[in-house]
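Note that subunit A is present in both complexes that follow, paired respectively with subunit B and with subunit C.
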Partner chain A sequence: MATRAFQRLPTAPAGRILALRLVAIAVSLCIIAGVLALSGHSPAMLAELILRSTLGSRFGLEDLMLFMCPLLLTGAAVTVCGTIGLWNIGAEGQFYAGAIAATGVALGLHGPVLVVLPLMTIAGILGGMAWITVPTLARAYAGVNEIITTLLLNFIASLLTYYLTTGPWRDRISGAQVSTQRLSVSMPEMWGIVHWGFPVAIMIVVGLALVLSRTRWGYEIRMGGANPEAARYAGIPVRLRIISVMLLSGGLAGLAGMFEVAGTVHRLQGGMANNFGYLGIVVAVLARGSCLNVIPAALLMALILDSGIVMQTQQLSASVILAITGLILFMIAIGDELAHYRPVATTPAKGKA
Partner chain B sequence: MIMLLTGMLATAVLAGGVLALAALGEVLAERVGVTNLGVEGLMALGAVTAVMTVSSVHSPWVGLLVAIMVGAVGGMVFAFGAVVMRANQVLCGLATTFMGLGLSTALGHSYAGQPVETTFGHVSIPLLSSLPIIGPALFGQNILIIPIYVLLPLAVHFIMFRTRHGLNMRAVGENPAAADAAGIPVMAMRFWYVTLGGAMAGMAGGYLTLTYVPVWSEGMVAGRGWIALALVIFAGYRPVIVTLSALLFGLVTALSFVGQAHNWPIDPAFLNMLPYIGTMAFIIVPVVVWHRMRRVMAAPAALAQPYYRDVR
Partner chain C sequence: MTVSGSRGRLLTTRREMLGLAGGAGSSLLLPRHARAQAQPAWRRPLAESDAIVAFGHTGPITDGGWSMVHDRGVQAVRRTFPKLRTIYVESVPYSADATRLFRQFVAEGAQMVMATSEYGDFIKDVSDRAPDVAFMECDGTNVTGNLGWYYVAHWYASYIIGIVAALMTKTNKIGFLGAFPIPSVYASANATLLGAQSVNPAITLQSITINAWFDPQAATQAATALADNGCDFLCGIMDEPAYLRVALQRGLKAAMWNTGMLDYGPQAYVSSVCLDFNDYYISQVRNLLAGTWQPEGHFLTLGHGVDRDAWGPTVPPEAAARADDMRTRMLAGHNPFVGPIYDNHGRLRVPAGTALSDLEIYHSDWAVAGVSGLE
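Up next, the complex of A and B:
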């Protein structure tokens, strides 16, 4: 207690954060390798196999981009909400809502692709927005904690999907379980199995970064997040900004669901959200509130998911990926906090505790 | 009608016990100023380790003990990040939930779907269990009901509001700097109460698989940890009220069972949504109807804020 060798800075320098995050990931990988070695797998062989079948093959790269597409959007959804200081933990539910709405349009409308696809997109966005409406209003007008309300709606959305895919919309043609029939409309493909949703998602993320950093609206959002009292004093309608940001966030997650239905899975399936909503939180944390950083963060997360597929072929349960993600998130949270500390070269403090 | 009420109350008490334990543990953590969003994951870990234990050691008590210990260790891991390292509590909590859910599924892979043979059996307390309606529910189920609904909440209430230690504990959650100046060990208080809260979440998981749903399956905790978190807010961080609201919540769950048993013309999927919709209503409606609620049931002032002694 006599010497204070470290000083805490209010904001951490970016370089130190990056360095500590690399350390955090390295520490996580060491722990994972240790656990794998203890349970009788060879970490080195597994690592080589993962690298070879993700980054080293055409199929691996295509899978990587398919994983990135929803992660970009859910990551952006959590990031924009975080800009005004709120947590949208319900991207998973909004993803389902968007997927359901888009599927509804595709099943109900029979027309040319050029008409149906845009309508599905709009329906997906509106579905996601509708799903976040109640938490939004509760937050804006009654100050109800949005973490819990958005999260609870995930379970309701997942049950609704289950109901639709086993009940009114069940597959009557091929009899697939917990699934609708294959939709007649699909997103055009761009490169192998990668559909056009991928470049669109990248463009949306870049566009959002511009809007948040260059427009008056974006400035007001950032100010509302940094200091709500000052923002209110400066005449910014914080309540309206909260509503618009949360709806935008829900819409982005809904769009992710629509892309997944129309581009990747081609049907509504139970469990199709594949934790993309929750992983979006991890992407947003990695991105540290910057929309542009969402792109590399989504890439890293997609790489982890992609290696999950490889691990499944090696008799490792797919859920291991969730645990690994949790571990990395935990280590990064600690690393980010440690980045605030600066070693101070002082002689022992005199008289001051 | 009496039969229906008796059955419903029995289910409600059984189902509410899971939430009562987890929520009471979370009250302890939040009263010292730490939000533990890892409850869901710790419950899953407790549930799966209880099943694994009783499959080799045929004693429900040992299973429950292991679940408690696993929950405590998980709570310590969370507390290491959120209290000792002072990292963001929301992130550490989510990470704990991810780790808990992922690990429990991986661990329980070979136990999934098998019925648990060793569970807490039926105990009927003479005389009391023959009381109408409440008798079978409270005194005719398992031995854990009375500790969960009566002993634990009253003990926590007494310690929290009637002892000096409880005053210190609440001071840490309201104003850690003042508590620190008064010589209260802020970090130790936070660390150990978060650990205790984790132990209770683990116990809730063990209770889930050893009494209420005696089978392990992936995703069986099904958001109960998050519902428990919502109940803590609803009950204004008060131990006795949180237990009563868990019981009220058990009734909502029982309602969906009764609906399925009596073939109500509603799809089971919608009946299964009831607990989640109910929770949403629980935390939104009171605040909308009664505006003062937010002040009366306010959160501890330093909730979710890490404490730095040397930053002012």
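Up next, the complex of A and C:
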């Protein structure tokens, strides 16, 4: 008699993953709705309000795009690093470094926007790259685990930002706390409060996907990630590729910081990274190593974050929101794992009981 | 988190909620010129049952300090206007998330948004795009067509407490805890030290800024460092009472901020700069409902929203009497912040014969001579 069993496969088809993720989200939403109903909230009304305040109104869409902009870039930063098998946990620090460098340019240079803004962009990218340089070289030449080095530099970057914004660069015009003065140049707005950084970030993500899948460099990166020994044997300069990918990753996160300074916050501020660097890791995990998937992953993350804000105004506390976010991501992780299993019909082999 | 009041009946019917969201969309979607011509909603009288007032707090309302005091104000508004809806959000981050929250308040139909801490551009950017909504920012600086600020003139109470500090310290060193080097912290440290120096010019004040308003662990560490450095009187601006416990353990004296904290450590407790926003919030909401609200800057003055707490049991009666004498004179209009006042780089900031106005103190960005740890 045939019995049903499940077999774990090393890869899972994208369709199955998508389907199981939708199931996972549906299950977690049911759990959340149940808990909310038990605590005296109306899940239906909350759901409707959330949909209206995010996808269902122009104001909500603007907020979503503004949320997505840094998430796209930090998500891409972690994803490209992951392609060669490395974890950049330091997007938060590189974000700050990019923001600091861009602010330095804006504070020090006074000129037309068309000159200052591109210089800020370059400075932001270089700032992010500079922040990942030491972990990069340590990884490439000494084999030092990049997870630890990039992570620890986050705290230094954050404290450096606090130092600058409460010390030498502090706002002496309006006395705003932990801030530089408002920068004289800003990213032009495209649609409501959405600045041009958003389409640029989308283009960068799409461009990266093309580079990784269509160019020789991208192939070598993927090779290096899949099997470093084989890549080396095939003559790929893995060390150089590690250096270039990590610098690119830092540059992307730095650019996210520059966009946030120039487009959204308009000042350098302590705490301004808003965990976008760490959330970039979540986005990259959701994207499962594909740059194109970073776009829907960033959208999902932005939706979750934005829904959290809507729910807070409905008197749900920030801790509840955090728990809800965790539950959704936890369920998605289970869904991803389940997608690797395939039902197989097994018949007992002849000669055995 | 349980709070009595309008939670749960915030959006009572489905239709009502759709109305709110729809109204939100339109106010943000209207072209700028059309919005400029229309008269702002807050210039017209408003029925209590139609009004929504939203509060954004910087910390948790259970912080035992700043946000708790503001939440008392929210509760007072709820008691006074039972049909009015109030929304509040705790722990609003000082980041672009604050902008998102304030925008969401607008989207949900709030006619008045109160930020109970400084949010600078994060609130101004929202108010500029929502001229139909009245905005107020505690410790703000901007006054626009629909945004005003309010704050407590706490420096008078700090000065009074400084007098007692001078009469109680044995090491002549006052320890001060602040979050960031910003005007309110300068004003508090300066006033405390000027009050102390009015008794004993040899007294100095050592300050530590811990980069957070609410971080009991960092405050404890900083207070311990100040005690190690010989400070035997602690004071400061923190949203919670952690450093009082340090004072208690180390046998020091401490003056607090926000609210009376005698119960946390009676042996160490001297007094507190007590804040009360209840009447102010009620008056603002009353003005909103009457259609008479105006965007302006407003100080809550000594005896009207800010005062020293009753003196702790270990304060010598003669010290209390001397400080209260100054308090009586202040209540009659006396300004003790008169020159000559030098800053801690030796520069003459206030010449003899001139006095600092409340607005000047509110914008302080320098520390008086004798302050260390604040540039």
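In this text, the second predicted complex is superposed on the first by the 325 of 353 C-alpha atoms of A that agree within 3 Å, B and C clash if a C-alpha of one lies under 4 Å from a C-alpha of the other, contacts with A are read in each partner's own complex, and residues count from 1 in each chain.
Keep in mind that, in the parts below, contacts are C-beta pairs under 8 Å (C-beta built on N, C-alpha and C of every residue); 3 or more make two chains touch, one makes a residue touch a chain.
Note that the coordinates shown come from a computational prediction; the quantities given were computed from them, not determined experimentally.
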Contacts of A:Thr264 with subunit B and subunit C, given as first, second, both or neither: second
Partner chain(s) touched by A:Leu210 [first = subunit B, second = subunit C, both, neither]: neither
Partner chain in contact with A:Val115 - subunit B first, subunit C second, else both or neither: neither
Which of subunit B and subunit C A:Ile309 touches, first, second, both or neither: second
Contacts of A:Ser317 with subunit B and subunit C, given as first, second, both or neither: both
Contacts of A:Gly143 with subunit B and subunit C, given as first, second, both or neither: first
Touched partner set for A:Gly167, first subunit B, second subunit C, both or neither: both
Subunit B versus subunit C as contact partner of A:Ala37, first or second or both or neither: neither
First, second, both or neither for A:Ile281, with subunit B first and subunit C second: first
Residues of subunit A at both interfaces, subunit B in one complex, subunit C in the other: 162, 166-167, 317, 320
Subunit A partner contacts - residues on subunit B that touch it in the complex: 37, 41, 77, 81, 85-88, 90-92, 94-103, 105-106, 109, 218, 222-223, 226-227, 229-230, 233, 267, 269-270, 272-273, 276-277, 279-280, 283-284, 287-288, 294, 306, 308, 310-311
Sites on subunit C touched by subunit A in the complex: 1, 3, 7-8, 10-11, 14, 17-18, 21, 24-25, 28-29, 54, 60, 87-91, 93-97, 99-101, 103-105, 107-108, 118, 120-121, 125, 129, 141-142, 179-183, 209, 211, 363, 365, 375
Sites on subunit A touched by subunit C in the complex: 40-41, 45, 48-49, 52-53, 56-60, 63, 66-67, 162, 166-167, 170, 172, 174-179, 182, 192-193, 260, 264-267, 269-272, 274, 306, 309-310, 312-315, 317-318, 320
Complex interface listing, subunit A residues touching subunit B: 4, 8, 87, 89, 134, 138, 141-145, 147-149, 151-156, 159-160, 162-163, 166-167, 278, 281, 285, 316-317, 319-327, 329-330, 332-334, 336-338
